[in-house]
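We call the chains A, B, C and D, going by the order they appear; numbering starts again at 1 in every chain.
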């Protein structure tokens, strides 16, 4: 089974890029073939029907190919204004134009890390809807972590065993569900 | 009272650009000071914290100034994947970083025109949330129109008196509510 | 595979009761063991923590047992005020208190029939959230039908072959997905 | 200006009943005419079109009259399964059938207190939608409090000055907005 991991944030030092690396690292103990990609390497313009009329951008076609080759996705994504991150919404809108849609029938697990006590969870709920509209099986369980000085160490790894255990358990449940 | 009108679509021949022009045209009979702007003239990059660290882009600051000078907004916007359009989400995410937030405490009326029978209404409901999170008073009533060959004429004006009357009535209610 | 079918409406002549019967009837051609239940036969009071303190009502325990014995659910439900029907929300809130939760890890397909052109679809999207919060795998595809005089015949069966075909196809995809 | 206060929970010792009493108490320093009502005193059955056909229940008509006589509402409500509480959804569904709808054009401020760190905020976002569909101006700002042993004292009053100050400030902003 092949799983694609990425973050909904573009920022180099993004908390969600750290968390997705940790999700990938933990998944390697779970007997899956994982790969982390960075949305920065798929630089699509803002969605614009006039651009689309000239052809779907290569970045979109390339990411669509990666997704087609995977069975499942794990995305760790920030909440922007109680809703989906704009870079994530933009790539989803482009991917939906590259037919047949690569996302259709894929599985998705959503994670978030956020500085606030709501842990990005409002945003995760909002993030589900466009994926579900595209035929993605979004895993019901999600995970939000509040970032504090105790969350990541200087190597960008989770410090607290509780967070590691929770993420390990959730990834295990997700992978078991897909394998069924 | 000053109202800013724009579309959540970038495409030149966007249906929602036609509808926002019609909303502006009708508003001119309602004793308000209106202005139509085009998001294409405010070309912000995809939101990226690394870019923000170098300074909020001029396009965002300029649109923020326009919004601060207005009392209210009318936005006609497509539904992309049952959710907010990515160009609209992107400019909202940028505007939220230009403090104090220009959108706070503004009024907003949402419109949509869509080829499908659901009239873009699922997307409008999803579009409310980030605005509300930023302190915008989103008018409860919204309007979705299904685009058919009878919707717009060759001058991009609404053909059906029913659509014109409904839009006139909704704009009147919205303006009355703000003026109270 | 066992599938439980019910409607989110209590009314005797409910459109959604007709549609769930049709979904059941079609499922019988798809090699599954189906059963239709009526929420009227599980008359729980409005959720109230004081009543819960006296014991979970028998109606809730009985429906929970039915759900535990099933692999999957199909619910056809009206939209009330752009949101979940109150009888459906009420039974879900009660079921969530009967631990371990019968709904956890079940599959769910949502249908709607509505007099309006939006076909109850706003309500279906709102209906997903409490189920997903309880660990239900809500099938991404959903189906809304606008009720007209051509929708049901005098035997409460779908008249239009298009509707029958669409429902047959959707049920087939759902059952295939669960069986995987 | 007249404001009606109530809780979305029926339970006698409901946290949200405590919070709504505190909101009422604080509002008395803000020069408004307030009244607290308890949904228990408006015991409507689960919404059922067959019951409606016999006449809207008196409880619904009586609460509708209270709402018509008020300018605005404040509701403190629990989150049940990441969504609106079923008793609140039920009374809203009934109120929507008592025409002309008492809720249309009213203002609403939403509060929540919850044992969990998410403070009931997911539920508040879900709770907005049916009210907005009925023409209610739901105030963009909302307030969620996490209940701990330091939240309420033995007289059911808020213990922490920070919570009192935040609630006072929010109520002040809400009342100022309505009075404009």
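Observations on the structure shown:
The rule we apply is simple: a residue touches a chain if its C-beta (ideal position, glycine included) is under 8 Å from a C-beta of that chain, and two chains touch if they have at least 3 such contacts.
Since the model is a prediction, treat every value here as computed from it, not as a measurement.
Of all the chains, the one whose CA centre sits at the greatest distance from that of chain C is B. When the C-beta pairs in contact are tallied for A-D and for A-C, the bigger tally goes to A-C. Looking for a copy of the A-B interface in C-D, B-D or B-C, one arrives at C-D, which has over half of the same contact pairs by residue number.
In this assembly, the C-alpha centroid of chain A lies 36 Å from the C-alpha centroid of chain D.
Centroids of chain C and chain D (each the mean of its C-alpha atoms) stand 29 Å apart.
The geometric centre of chain A is 30 Å away from that of chain C, both derived from CA atoms.
Each of residues 82, 122, 125, 129, 132-134 in chain C touches at least two other chains. The part of chain A that touches chain B in the complex is made up of residues 9-14, 46-50, 80-87, 89-90, 92-93, 96, 122, 126, 129-130, 132-134. Touching chain D in their complex are the following residues of chain B: 125, 128-129, 131-138, 140-141, 177, 180. Within the complex formed with chain A, the chain D residues making contact are 82, 117-119, 121-122, 125, 146.
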